[in-house]
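Two complexes, one shared chain (subunit A), two partners (subunit B, subunit C).
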Partner chain A sequence: MAVYECLSEISNKIIANKDFLTELDREIGDSDHGINLSRGFTAVLEKVSKDEQDMGVSLKKAGMTLLSTVGGASGPLYGTAFMEAAKVLTGKTELNAQDFLAALDAAIAGIQKRGKAVKGEKTMLDAIIPARDAYAEKINAGADLIAGLEAAVKAANDGVEYTKTIIATKGRASYLGERSIGHQDPGATSSTLTLEAILDYLKNK
Partner chain B sequence: MTGIVIVSHSWKIAEGVRDLALEMAAGYDDKIIAAGGLDDENKTIGTDAMKIMQAIIKANQAADNGGVVILADIGSGIMSAQTAIELLSESDDDNEKNINVKLADAPIVEGAVCAAVEAVGGGDLEAVLNAAESARGESKL
Partner chain C sequence: MKKLINQVDSIVDEMLNGMVDAYPNYVKRLAGLEVLVRANAPQPKVALVSGGGSGHEPAHGGYVGKGMLDGAVAGAVFTSPTPDQVYEAIKAVDGGKGVLLVIKNYTGDVMNFEMAADMAADDGIKVEKVVVADDVAVENSTWTTGRRGIAGTIFVHKIAGAAAEAGADLADVKRVAEKVIANVRSMGMAIDACTVPAAGKPSFELADDEIEIGIGIHGEPGTHREKISSVNEISDKLLAKIFAENIYNSGDEVAVMVNGMGGTPLMELLVANKHVKEVLASKNIKVAKTLVGNYMTSLDMAGFSITLLKLDDELKKLLNAPADTPAFVQF
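Presenting the complex of A and B:
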């Protein structure tokens, strides 16, 4: 599978939502999340080979590129997530439902290693962890990759809504304390967009 | 000898902290390295784990492999520095893998000055790290 095409779908979605993500970060951060990620994914498409079929190779390249081009916390966080997922998918050229779960687990472990956050701190984890759990439940009940991802995207969107109700205790938004309530987390939003883009890519493949 | 790397979101802060530290560390120009901002022409605000990794390698070389202490600012400054340390530890190149590098739990300006004074006085990695971290408890008033 040419991961390039999937990364391109993610990049398009992030760039289409650049202003929206930056606006969310203006409310509770430093107004750069959309700019950061757009810069990062633009660079990713310049670095990743269009024809590479080994998913691990492409994801590793993407992760390394994000580490050095995003600039904000989402750089080392998404970068580490992609690089940890790459380790699980190295040598594989087709994506199946179980491997995607293993990749999601590795990505989450990477984000937690890097950022030391847990669920409920108003970060990207509040979208990704529920998405992972919904996905696992679906595929363990026999659903395929796409049905699993549909459940994941729904749970991630619910997670974004949930971030509006809680106080940030990690990242820049934590400086705002109580004033962070009422705003949705930019990173939870971008990670939900990322999952949506992966789903769109797989559906249209 | 011990090298020092200064990490900030801002290119100007990293360069400025380095200038300040060098005032008390004559001859350490090549051993105190700034890794601020992104690696583009605009010196965009942000942190870059790869740029930090290269700075660690250079500072360690200049310090005759004596190791490197990192001073970093907030948020992704810390995360990118930790990422750089991890990339080195996983490197295929034995020279890179064996670099002794520590991230100081210290305020960047005061920590860098204390670290530089200790380094130029001949302090090893542990001593420079302790000097940087001693800045954390210093009361200013």
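Presenting the complex of A and C:
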């Protein structure tokens, strides 16, 4: 598959949700999440080769582009996630269910190492760790990539809802203490959109 | 939103070029990058690099010059610069004696500057970092991301910069910077929010008679809201949080900064400063140096912060050393 098309689906989804993500960040952060990610994913659309077949090569390019264009905390976190996933998928041209799990694991490990966060701190991890677990359970029971991702997206959305109920202890929202309750985490939201875009791409290709 | 801008996307680029146009004797811009360095960088001394999101002018480019910073990296508005930009700044200013990164404690800034430090270390450049966390509005516990770095950062630039200019080695410049960080505390408030150009609307909304206490410098909401009171009463509240740190005691000598957030008349800052000095006098704390003005702003936010720095002989001498930068000149 041309990885570009999948990255393009992700980029377009993030760009389409620019104002929504920024508004979420305005509530509990500093009003720039959608703006920064849109800038980064717009650059991804320009920098990643349309013809590259190696998923690792394209994801690495996407990661480095995000790292050098997004800034803030999201830049290193999204950049690291894509670059770590790239290491797992280097040399591969077709995505299978087990490889995607390995890529997710690598991305999550990278985010945790860079962000020094764990689940339950009102961050992107509250969407993607449950998504990873739901995905693993599905495919280990014999489901295919798409069925696994459907479960992952559902778990990620549940994770976003969960972030409304907890106090932020990482990132700028942590300054608000209890005032962060009731608001969904922008990073959890954007990472859920990313998973949704991958699912949309796989369903429509 | 009313702003004196051309295009939202070109603000930082145009501002940096405007800085170079205004202060060609002080700063030059690294080609293709959002980095200002001393016009005569590198220097044969330990170099200081700071930076962060834009919107805090004159921080940080305004402090590039003799006796303060060697390089300043400007991110998008309120957004930490990326590692590649910081890395280029480090390479450009390193004169062989090493580079100290002065980072304000925000999740993004710490991550991006640390990645840049790793990249520079791979090139064999000696890099050390200090993280400024002077904002007492934020509880310093394992349950938050830690205190923010705000206006107190200027004292770190000034004092560590003076040490570097005087020929101290990297370890010593870092030691002095850490000493400032240990002894500086700030607390701020807003009577009106700021508007991030790309967002187009105020970062929070306050009623006509409301103020926000404990704000940072990125338009993020503060710790709580209350009805507006006199500037003396507001100053008392900010000072109470700072004094609760138990750093500033009778007989001490301090430096004071009454810092405007960008949209506050100097008249009001001076009124606040008058009261701060009275309160300090009543506690038998001597003011050795006072800075009043817009040193670390938050775009067009109306409000101010108070910073106290406890001085010893070493810090006092370095604070009073000459400096010559676009935004801070001292003979």
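Assume the second predicted complex is superposed on the first by the 205 of 205 C-alpha atoms of A that agree within 3 Å, B and C clash if a C-alpha of one lies under 4 Å from a C-alpha of the other, contacts with A are read in each partner's own complex, and residues count from 1 in each chain.
Here is the rule we go by: a residue touches a chain if its C-beta (ideal position, glycine included) is under 8 Å from a C-beta of that chain, and two chains touch if they have at least 3 such contacts.
What you see is a predicted model, and the numbers here were worked out from it, not measured in a lab.
With subunit A as the common reference, subunit B cannot sit beside subunit C without a clash. Contacts of A:69 after superposition on the shared chain: both subunit B and subunit C are touched.
In the superposed pair of complexes, A:169 makes contact with subunit C only, with no contact to subunit B.
In the superposed model, A:177 lies in contact with subunit C only, and not with subunit B.
Look at A:21: by the touch rule set out above, it reaches neither subunit B nor subunit C.
With both complexes placed on chain A, subunit A has more residues touched by C than by the other of subunit B and subunit C.
In the superposed model, A:197 makes contact with neither subunit B nor subunit C. In the superposed pair of complexes, A:114 makes contact with subunit B and with subunit C alike.
In the superposed pair of complexes, A:31 makes contact with subunit C only, with no contact to subunit B. Of the two partner chains, neither subunit B nor subunit C is touched by A:81. The contact surfaces that subunit B and subunit C form on subunit A in the two complexes overlap at residues 32, 36, 67-73, 75-77, 114-115, 171-172.
Those residues of subunit C whose C-beta lies close enough to touch subunit A in the complex are 53, 75-85, 106-108, 111-112, 115, 137-139, 143-145, 148, 196, 198-199, 201, 203-204, 216, 218-223. For subunit A in complex with subunit B, the touching residues are 32, 36, 64, 67-73, 75-77, 79-80, 114-115, 171-172. Within the complex, the subunit B residues that touch subunit A are 9, 38-39, 44-51, 75-76, 79-80, 82-83.
For subunit A in complex with subunit C, the touching residues are 22, 26, 28-32, 35-36, 39, 67-77, 114-115, 167, 169-172, 174-177, 179.
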